[in-house]
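Shared chain: subunit A. Partners: subunit B in the first complex, subunit C in the second.
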Partner chain A sequence: MENSRRSFLKIAGISALGFGTKPVLNAFASGGNSEKHEAEIQKNPAALKAKRWAMVIDTRKYKSEEDLKPIIEACDKIHNIPKHTNKRHEIMWIWIDEFKYVFTNQEHEFVDDRVKHLPFLVLCNHCEKPACVRACPTKATFKRDDGIVLMDFHRCIGCRFCMAACPYGSRSFNFRDPRPFIKEENKEFPTRMKGVVEKCNFCAERLAVGKMPACVEASNGAMVAGDLYDPESEIRKLLKNNYTIRRKPELGAGPAIYYIV
Partner chain B sequence: MNDKNKIITGLIIFVIFITFPFWYNMGKAAPVPEPKLTEKAKLEKECIEPKEFMKAEHMQILDVWRESVVRNASRTYVSKTGKKFNMSLASGDDSCIGCHSSKADFCDKCHNYASVRPYCWTCHIEPPKEKK
Partner chain C sequence: MLELAIKGSKKYWVWILSLLAVMSIAFCFWLWQLSFGLGITGMSRDVSWGFYIAQFTFLVGVAAGGVMVVLPYYLHDYKAFGRITILGEFLAIAAVIMCLMFIIADLGQPMRALNVLLYPTPGSVLFWDMIVLNVYLLLNIIVGWNVIEAERNNVHYPSWIKVLAIFSIIWAPAIHTVTAFLYCGLPGRGFWLTAILAPRFLASAFAAGPALLILLCLIIRRVTKFDPGREQIQSLAKIVTYAIIINVFFFLCEIFVVFYSRIPSHMSHIKYLFFGLHGHAALVPWMWASMAFMVISIILLANPVTRKNEAVLAFACVILFIGTWIDKGLGMISGGFVPNPLHHVTEYIPTLPELVIALGVWATGFFVLTLLFKIAVTVKEEVSGV
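Right after this comes the complex of A and B.
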C-alpha cells in the first residue's frame, strides 16, 4: 500500500513535469522551424533607378487642353482615380491649371498671350524638403531615398495635416467612397477608401518593373522623367539647354518638377 | 411550506432559461471550416510556404509584403524552396488572390469562423464573385 502510493506519486510527478515542459519544447521546436523559412525579398532587376527622380515639362510641346487630356486620362485610368460629379470631392493626381495660379509669384499684368492662356500640367512636386512628410503624424507620407514622396495608404488616418502643409495643393481627400465613381477598375492597382488622402506617386509601381511613369509615356515627349543627379541623363540635358522655372521655389521646399516655358 | 410546487416550477423555468443558449445551439456547433482550393491552386500543389506555416503566419507575411513593396520598392518574394512570387495581395497571377481566386470559398471561410474582418478589400480589388 505504502509502496504503491509512493510509486503513483512518482509517476504523477514525472508526467506532470513532462506535460509541463511540452509547450516549452514545442516553442523551441517551432522556433527552429521558423528559422528554416529563410525566405528572401528581392528587387526586380529591371526596375528603373535614380539617385534623385525629377521631371521636366516642356510647355512648348502642347497648345491646348486637348493635347493634355490623354496624359491625365492615362494616369486616372491606371490608378483608379474616381470622377466625382461634385467638384468639391474631386480627386486629382495630375491636372490642369492656369499660369496665374500655378506660378503665382511670376504672374503679372503683362504676361504674354501664349503663356497667359496656356494650360499647365500640375502634379505633386516630390519636394526635396517635403512639408507634408513633416506634418504627417503617422509617417504614412514619407520620402524615399531616390526623392520620390510616397504615401503608405495602409497608415493614413485621414487627418489631412499633409493637405494643409502642402503649398501646391497636390493632395486630395476621399470625402466619399471612390468606388462607385470609377468607371473601369484597373485590377492591377488598389483603389482607395473613404477617409484617406491621396496624391501622385510618381508611378512607383511602374518604376519598380522598369516602366516610365504613365504620364511621361503618354506625353509624346512633353514630359521627361529622369535622374537629376546624373549629368548624362536626358533631363539634365534639357535643364542645361533650356531656361526652366519651378513652382514657388521661394518657399524652400525644393520642388522637383521643372517647367520649360 | 405549501409553496413547494411553485418553487419547483420556478426552479425548472429558471434552469431552462439559464441553459437556453446551450439548447438553442445544440447540434449546431459551427464545424471547423475547410477552405476550398480553386482548380488553379490545386494544380500548383503548394502555397508560397508550407501549409501549416501559412495557416499561422499569413497575416505576418502580408504585413511584411506591404511594408516591403510600399516602402522599399522590393516586390519579389523568394520562398525557402526557391520559387519566386510577385508580392501582391490581389494583382497578378501569383498574388494570393491569383491562386486563391475565390475569396468567399477560401479566405472568408476561415475568417468568418474566426470572426476576423480584414479591411483590405475596401481598396484591394476582389476577384469577381461568380467564379467557383
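Right after this comes the complex of A and C.
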C-alpha cells in the first residue's frame, strides 16, 4: 500500500515536471520566437491566382458531343476518374446533358433547335454560398478564399449530406473501390477509396503550378476560366459583351459557372 | 437489476436466441458491406440516401413518441400513466439505439464517424442531430433506470429525476425537429423544402410511437403477469387518434400548397410517389396503401365504439404503424431524390443485403427492448406480488 502510494507520487511528480517544462522547451526550440510555431509553406511563384475563380462556357463554339468528348476525357484522365460498369456507382466530375435538364427553369416547348439538341457541359458550380459546405458535418468539403469548393478525401465520413444538399447534382460517391476501374493511373493526382464523396475541384492542383484547368485547356476556347473580380480578365470581358445565364440562380447559391447560349 | 434479464422462461429464451440469430446473420452482411462499400445497396449517384436513412427517420419518430406517456404523467400529474412511463422511456432507448446504428450503417467510412466530434461544425444540422440523439438516449437511460430501481426498492424516485424527466419532455420534440431540419433546409429538393415537414414528422411520430406502445402493452398483458391497464391503453389510443388526424391534415395542407401553386419542382416528387413519373412507379401501390391504412385507422380510432374494443384497437394500431412506416420509412427519403436535381428519374429499390442489414438493426432494437421490458415488467410483478 505504502509502496504503491510512493510510486504513484513519484510518477505524478515526474509527469508534472514534464508537462511544466514542455512550454519552456518549446520556447527554446523555436529560437526565441515563442509565438510562431507553424512552418510556412512557400507559394509557387508561378501559381495562378484570383480573388474569385469563375468560368464561362461559350456554347456557340461547339456543335456536337464529339467536340466535347476530349474535354471530359482530359478531366477523367488527370483526376483518375473510374469508369464503372454499373450506372449506380458512376463517378462524374464534368459531363454533358441536354438544355432541358441543365436549365430546368428555362426550358420551354419552343426552344430553338440548336439549343434543344446541343449538349451542355455540367460540373460543380463552385458556388458563392455552397449548400454542400453548409451541410458537411466535418468540414471535409470547404470553400477556399478564392471561391473554389474543395474536398478533403481523408476527412470525409461518407454521410452524403453534401450530395443531398447540392442543388445541381454535381457530387459523386464511391460506392465501391474505384481503383480497379481506372484505366491508366495518373500518379500526380490521388486516387480515392471507397466510401467518400468527390467532385470537380476546378483543377486546384493545376492552378497551383500555373496551369489552367484541364477542361479549359482542352476546350479550344469554348471554356474560359479567370478572376471574376478583375475587370481586365478575359472572363469579365466575355461577361460584359455577352448575355450569360447560370443554373438555378433563384436558389441564391451564386454559381460561378456562366453559360453563353 | 440486470440479472432480471437473464432469468426467463423457455419462450423468452427462444425469442432472445432468434433475435440473436437474425443479428448475427445481418452482422455478416454488414461486414460484407464494410469490405465492398455501399455499392451492395440499391443507392446510387441520384438516390444517395435510401432505406437506412429512412428507417433512421422513422425511428427518431418512435423514440420521440415515447414522450406521449411521459408528458401527461410528469407535467399534468396524470397518475394512470405512472404505471407505464417506464415502457415509454425504455422504448425510446431502444429506438434511439436503432437510429444510431442506422446512421453508422449508412456511413461510407464508419471508422471515421468520430470526425464529427474531432472537427465540430455547428453549421451542419447533422452535428446537432448527433448531439440531440445522444443526449436523448442518455436522458432516457438515467431517468428510466432510476425510476424502475426506485420502484423496486419501494421508495420514491429522487427529486432530481423529475427535473431530468421534464427536460427529456422538451428534448423529445427537439430530436424530431432537428431530424426534419436535415431535409427541409436543402435548397434543391422541392419535396422536403416545406416548413410543414417538422410538424408533420412530429404528428406522425406521436401517432406511430404510442401506437407501438399500445401493441406492446397488449403483448405484455398476454405474456406476463403485469397488466399495463385498460385505462392507460384507452388514454394512449386517444393520443394516437388526435396525432394521426393531425398528421393526415398536415399532409393535405402540403398537397394543397403544392398542387394549387403548381410549381413543377415541388409537384414532381408527389406525382412520382402517388402516380408514377415517366413510366417509373415502383412506390405507387405502397403510397396508396399507406394512405388507405392511415384513413382506415382514423375511422376505427375516432369512433369510440371501435376504439374501446381492444381487438379492433390492436388492428387499427397495426395498420397505422405500417401506414406511417411506409410514409416515412419508404416514401419520405427516396421520394425526395426522385426526380433528381436535373429532373432525371432514377428509381431506388433496396437490395437484399440492404434489407437484411436493416432487419438486423431492427432485431437489435427489439433485443434491447426485450431486455429492458423484461427488467421493467419483472420489477412490476415483484412489487405487486403476483
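In the analysis below, the second predicted complex is superposed on the first by the 221 of 261 C-alpha atoms of A that agree within 3 Å, B and C clash if a C-alpha of one lies under 4 Å from a C-alpha of the other, contacts with A are read in each partner's own complex, and residues count from 1 in each chain.
Here is the rule we use: contacts are C-beta pairs under 8 Å (C-beta built on N, C-alpha and C of every residue); 3 or more make two chains touch, one makes a residue touch a chain.
Worth saying up front: this structure is predicted, and the values here are computed from it rather than measured.
Student: Once the structures are superposed on A, label A:238 by its partner contacts, choosing first (subunit B), second (subunit C), both or neither.
Tutor: After superposition on chain A, A:238 lies in contact with neither partner.
Student: In the superposed arrangement, which partner chain does A:144 touch: subunit B (first), subunit C (second), both, or neither?
Tutor: So A:144 only meets subunit B here.
Student: Pick one for A:174: touches subunit B only (first), subunit C only (second), both, or neither.
Tutor: A:174: touches subunit C, not subunit B.
Student: With the two complexes superposed on chain A, say which partner A:191 touches: subunit B (first), subunit C (second), both, or neither.
Tutor: first
Student: More residues of subunit A are touched by which partner: subunit B or subunit C?
Tutor: Tallying touched residues of subunit A, the top partner is C.
Student: Would you check which partner chain A:212 touches, where first means subunit B only, second means subunit C only, and both and neither mean what they say?
Tutor: A:212: touches no partner chain.
Student: Under the stated touch criterion, which partner chain does A:43 make contact with: subunit B (first), subunit C (second), both, or neither?
Tutor: A:43 sits against subunit B, while subunit C stays out of touch.
Student: Looking at the overlay, what does A:164 touch: subunit B (first), subunit C (second), both, or neither?
Tutor: Second partner only, subunit C.
Student: With both complexes overlaid on chain A, does A:96 touch subunit B (first), subunit C (second), both or neither?
Tutor: neither
Student: Using the superposition on chain A described above, determine whether A:111 touches subunit B (first), subunit C (second), both, or neither.
Tutor: neither
Student: Following superposition on chain A, which residues of subunit A contact subunit B and also contact subunit C?
Tutor: 177, 194
Student: Help me check something: in the complex, which residues belonging to subunit A touch subunit C?
Tutor: 86-92, 97, 100-102, 104, 122, 131, 134-140, 155-161, 163-169, 172-177, 194-197, 248, 251-253
Student: Using the touch definition up top, name the residues of subunit C that touch subunit A in the complex.
Tutor: 36-39, 41-46, 48-49, 103, 106-110, 112-113, 115-116, 118-119, 121, 123-127, 130, 182-183, 186-189, 265, 336-337, 340-344
Student: If we count contacts the way the header does, which residues on subunit B are in touch with subunit A in the complex?
Tutor: 49, 53, 57, 64, 66, 68, 70-80, 84, 87, 90-92, 119, 122-125
Student: Would you pull the subunit A residues touching subunit B in the complex into a rising list?
Tutor: Counting only subunit A, the residues touching subunit B are 33-34, 36-44, 47, 142, 144, 150, 152-154, 177, 185, 187-194, 204, 207-209.
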